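Both of the next two complexes hold subunit A, though its partner changes from subunit B to subunit C.
Then we have the complex of A and B:
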């Protein structure tokens, strides 16, 4: 049945609101650091960290740690797999709500 | 900040996947009975009941109980408020993922 397939096509990893916010931001910006994401999404450090870890563990984002002068900086970017998953999610969602 | 507003604009009542499925189905079909929704969304009775109750309690759907011959039949339809909420959700979501 078509509708059943569509409901399953909504990737749970991306559907969660904070993760959807992270992926949308990273797709738009190409990459972003922790503080940018925190400010843009209006979420706590702990909440953001939790969801970044989920995205990283699923291979949807990659993490780069570096020093800018003496300050550590952590930058996040979507992987190719993350980009594909995000695009599939958006396509499934649009088909779903426009059915 | 624009992105913060958008994240909050994603109505939590509608964002949950089963409820999103119910609202999408009812917006498309106008109305539907319990068994139709259950089959279309591939969810259990208990799961569907729980989410229908949430939507009803928030005034997003109305419930009509009737007898067809001797069989009870329960039909669900979006209220005007539910239609407005769904449309606002879709608009917010599209702005969000296309940002």
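Then we have the complex of A and C:
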């Protein structure tokens, strides 16, 4: 039978796989636009959009909208709170694996 | 105000935790693999270097001393500055195309990695300018520039694509050859400049453009 352990630092907002992918990508790249994230994570527009909204609502990412020429471009970047949450999440996972 | 969030999750096995760590690694690797290095930039820098070599063997070499010294500095100082500008503009363009910014934390990191080698080359160049006794010193500068540039590329290559490291090793071998073998052994130092800063860059640019995009 699998051992069940409770991880108090494991943030449910980041734990979802698409959101985890988004946060990981943004932590590595620093900043990325919608199409880049879609290509890097291999998810649909709607799915990505939903998870980006959740991350934004929780203050983990900030959104910048601008026009490049005549085309609208939305760029995402992790906030300080998002960075801290991501680092805490990874530390908790690593501690769990080591234990 | 942020919605209330759960403060813990139940993880049933180390396998699940490892799976999430794998997702993190994969996403991070994919994000850094989308290179902002521009193929056009390599070609542009190579062409500028070839122009610098052509001016050196025509205008600079035929000028009387010490005018030739100042012309040498003017030509290669211009090549360096124009190369930086071209690289900046083309990298920015490429970054916008792949949905990133040239000045992301990773981009800044690469800039910091490149700086020491480039500054070392600048110091050696100033040393040549400030010592009039080194009349023909520029022929040694060619090999020194190659070695310094190799240091920059190898530092950048530690955080970037494998091709950057390979280019760095190629410059290091070329620089060592230029400095250590007898002067004008097989080819002149300026021919080596054309071959490396010109030819290597153009080949690298074409390779990167075809493989990763322009």
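By our rule, the second predicted complex is superposed on the first by the 93 of 99 C-alpha atoms of A that agree within 3 Å, B and C clash if a C-alpha of one lies under 4 Å from a C-alpha of the other, contacts with A are read in each partner's own complex, and residues count from 1 in each chain.
By definition in this document, a residue touches a chain if its C-beta (ideal position, glycine included) is under 8 Å from a C-beta of that chain, and two chains touch if they have at least 3 such contacts.
Predicted model only: the values in this text are computed from it and were never measured.
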Clash-or-fit label for the pair subunit B, subunit C on subunit A: clash
Partner chain(s) touched by A:58 [first = subunit B, second = subunit C, both, neither]: second
Partner chain(s) touched by A:41 [first = subunit B, second = subunit C, both, neither]: both
Which superposed partner A:21 touches (first subunit B, second subunit C, both, neither): both
Superposed model, subunit A: greater residue contact from subunit B or subunit C: C
Touching partner for A:33 - first (subunit B), second (subunit C), both, neither: second
Overlapping segment of subunit C (options 8-16, 80-88, 116-124 or 206-214) - the one that collides with subunit B in the superposed model: 8-16
Touching both subunit B and subunit C, residues of subunit A: 3-4, 7-8, 10, 12, 15, 17, 20-21, 24-25, 28, 39-41, 90, 93-94, 96-97, 99
Residues on subunit C engaged by subunit A in the complex (per definition of touch): 2-3, 5-14, 17-18, 20-21, 23-32, 34, 96, 98-101, 104-107
Complex contact set, residues of subunit B against subunit A: 1, 3-4, 7-8, 10, 12, 15, 17-18, 20-21, 24-25, 27-28, 39-42, 86, 90, 93-94, 96-97, 99
Parts of subunit A lying in touch with subunit C, wherever the complex brings them together: 2-13, 15, 17, 20-22, 24-37, 39-41, 57-59, 68, 75, 90, 93-94, 96-97, 99
